[in-house]
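We just call them A, B, C and D in the order they show up, numbering each chain from 1.
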């Protein structure tokens, strides 16, 4: 019963198999290989747009390199107070950008709003004394398992663009959001105004593969140099690209995400039905946030369940439960049973 | 006949197999897993010393993170003019350190000497006007396929330490050097005065795995923070560590290196015997540098051989030929035959 | 009636005169001059402690260089949400440190508390995923004209030190705070646990002179290199030091501060007596923050008064009025009269 | 007899007087003052071009901020091996740019050539493995007291622009070069292809004042933010601008430079006439480089002369003698007499 993180599980078998398939003969290194070209083609078709695509091995690298490409050292990145870039990456964006400021916005359900952007902007309109607002970054799905609608993304993009800012989407759980919305990748990104995307695969079945995608290919040169300079240009790139290739093949990424989301809903529904348990927010992706009595949480841990506490009250605790593409169905059922007591 | 790079070949089958073996159940992420612990144990035993070990995915990351840990932003790193950190990493060390200076030393056969260090030091003894000499970095095996003897390393370490500097070894081809010297890993590193090591595995059979090793564990905290902040802490770390685990198992790393070195010597000997062909230096690891008439190089390329030109003269060219753990023996024979004409 | 900033006024005549006096013959450049040595001696005596002293030309440089010396790139600096380093320096500390995080704490009257530090620390106790808490920075006097008591400083220092952090004091208005407390410089700094101080002079009568002071001289080498590398080592240093020399001579710095504080109190008292006007906080240094009806603020501006709005309500506005060492007494009286209407 | 540096002397009396004149009433801070506007106007007229002008307090700041504005973090700056930015600024450009590489070119008489640029470029044409050539920087007058002709500048600018690079001129001794060439400031800069200029004043009579000038005003916003973020936006800017204002008034800058250059020539001629003394290069600005027997140098120092040794041979030493705007004529005569023995 490991609900600690979607990183706790390993890799999808199809993705592992793709590594072996890619291990065939010689290839030009540093991304000039056939597998990387194929992935670029697949993603271009998928997003229905000319794009610049760059595989990297971690979500922190994807986010930080994307932000450093979009934001000057003297810029500011507006993001949710609880976003991964704000609180989980050891201030990596500040390092990659050369000292840009991450400006924390509040917002319900882990999501920022055009109103929050508008309210913050005057504090950054004082000339050179404040960093220049340069980028808005949103997380889809968010850190608390919620999802921006296409209309919400569009509204944020408009707010950003009207203020001379670009819009970055941290899509570490892009697939989980997409299958919930039921729209196309294009609709959830550039058609809604997204300028750059961290397209995650690791949490949803890869070993270590993400792709940074720009919908304006003018960023290509700057990004490629930055990726190399940050040590993120893998020499045997075919092995990173092969993960993405298999991830996209036969819609594996979508079926993995659908499975995780469905189990998360089942888990959320099961817990919500228990006395004393309340969901802290809607279950829209693969995360469940639930308030439960402290003895219930303690009993679950005694029986081997793994999960993180997210907030505390005297009598109860809010727990975060993350379901992965590979979480056994039986573990979900057992967790609910154990919570029931 | 691909002699362009040891990165042109894929992964050793044992290492690929280890990925599948590691894909078993859940694990704590971010390096707190059992595989990483096992690798740490293996390397500790191998080096016969308490060490701090950190897997990363590229050699540039290994070198830059190690240097940034050892060198302050206002420091200088002394290295060979042709070293990888000086000319092949897009000034990554300068980025990771926050602006340190790489000071280029000349030296025969791709190697620096205590004399070269001593000759440069006075230029960096002018107070704050010059960066503070902080680290000496050597490459073992060097960029031109040569190897520092243990005594040479010891002499450089003494020169560094006597000037308040530490010694870093870029061991992207550590195994190739070690099997030539026939000494122990300890003898080639800390016993000779090495303070930090980039222990390479990718070029010698891994997909994307290197380890940074400090022989003073006091660097642990600083390194761990820096690795995370640079986006180089892989969440599903077991898949990086599993590569290192298999690499070390049954001395795979040594047998791979021995094979590559032996084929390189065969290639070197075969070429040296040809009229008009001269080796540019000794073949001590898995690289062969040879001057040959330009028509010979052209003929080789026509027949499908891949390799890089390293230097030019009017009538002849110096080519770099890199043999990997997986280069077919037949390709070596064919290359010599083709060169023969 | 310029109450916009203490930077709006020029320099004290004694300080200007000192520049001419220093313009005498040749001197060793880059801080090895006699004037700088004299200032170091004066400050050492004044602070009753062995110190490392470094003149610089701006408060932003003083703060950022001090913080970069104390805080690693992967560190965090805890400070008040409205502090100068947080909102008025274009994220300079983030640049100088190489990407450290400024963590904003709330607090009444522009001051942070040990409780606020304690409440924030758990969010930064998650290993490498968050920056390492490294420095607490307080502003004395604060951005809203209030002053930490010696006991408050001591309590914050204890909270910092108990968590492995150091304490930096932004003393851009150090003199204004000191004369209010009536204690010694030593009591307000190292005796209360302060580790590093930005000792301001510009706002209180210099042209462009601040001093960074460390109470642990072990920071000397790192600071000196950083100052040079940031372009803040002035070649003809005697002209910066001469300002500090005159500033300290005959207690000019204290009499300037006393004058400004007294006028600020007079201004505050005068305004507080008016109907519809309320002080937003105590007047403890040279700043007055007052709520007033919008028509009153408008009338003042019509009559030529300069000042900044600090907060808005529908009917009234909170204005910031800063009194400098050189503000004419008549301007204070005229401002009150004009506000009276 | 202080010939150690042009920084050893103080300030021109006219410039000191201008500080007092500027100390009059209140001014908007941070560069929005009338004096700064006047200086901008004067320099615009002087250079006969729309320019962006930014006063700063040190040459290192001027160079580094200019380079960081022109060169991305992943870029390379080509400069002479002995240039100030290469060897005298503690790698400040590397810090300000976020890790760019300074590429050292050789060249006679302290000057680089189009041929040297052309010879180096192929080493930086290997894609992302090497930094991207972005800027060429020349020093006028050079570190060894020589001067680029307008035609030489034009040729270098063409070489730079044809390779997609911009041209920066470190004009710490701009006036000394200009009066020798006898051309206009426009002819020596933008008309010859210079894109950005560090316009020095400190060495030639100011206390601490330089100006960064861009001939393309599109750099304005980026530079202004960078200056603030680096702590180089002086609050009471009128006192920096007043120095530049007086420096330009009545051609003080040119007469100061003419005087220094003339004395340097007199010194050079006097020394060259002595037996055993040889000039190491032409005296074109205010520096004299002369080989002399070691006993002569020793005797000079015994009699109180100050100067730096620049190179050593067994029997003789090359000394650097810098003449400033304020060096007494008598000191020049006395130095020659003393050398004569």
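In this section, a contact is a pair of C-beta atoms (placed from the backbone, for glycine too) under 8 Å apart; a residue touches a chain by one contact, two chains touch by 3 or more.
The structure displayed is predicted, hence computed values, not measured ones.
Taking the options C-D, B-C or A-C in turn, the interface that duplicates A-B in more than half of its contact pairs by residue number is C-D. Mostly identical positions are employed by subunit B and subunit C in their mutual contact, as over half of the interface residue numbers are shared between these two copies. Of all chains, A has its CA centroid at the greatest distance from the CA centroid of subunit D.
In this assembly, the C-alpha centroid of subunit C lies 34 Å from the C-alpha centroid of subunit D.
One finds 50 Å separating the Cα centroids of subunit A and subunit D. With each centre defined as the average position of its C-alpha atoms, the distance from subunit B to subunit D rounds to 41 Å.
Those residues of subunit D in touch with two or more other chains are numbered 30, 73-74, 89-92, 95-96, 98-99, 128-129, 131, 225, 228-229, 233. Note for the complex: subunit A touches subunit B at residues 2, 4-5, 7-11, 13, 16, 19-20, 22-30, 56-62, 64-65, 89-92, 95-96, 202-203, 207-208, 225, 228-236, 238-240, 306.
Subunit C meets subunit A in the complex at residues 73-74, 76, 87-92, 94-101, 123, 128-131. Here subunit D touches subunit A in the complex through residues 30, 72-74, 98-99, 127-129, 131-132, 221-222, 224-229, 233, going by the rule given at the top.
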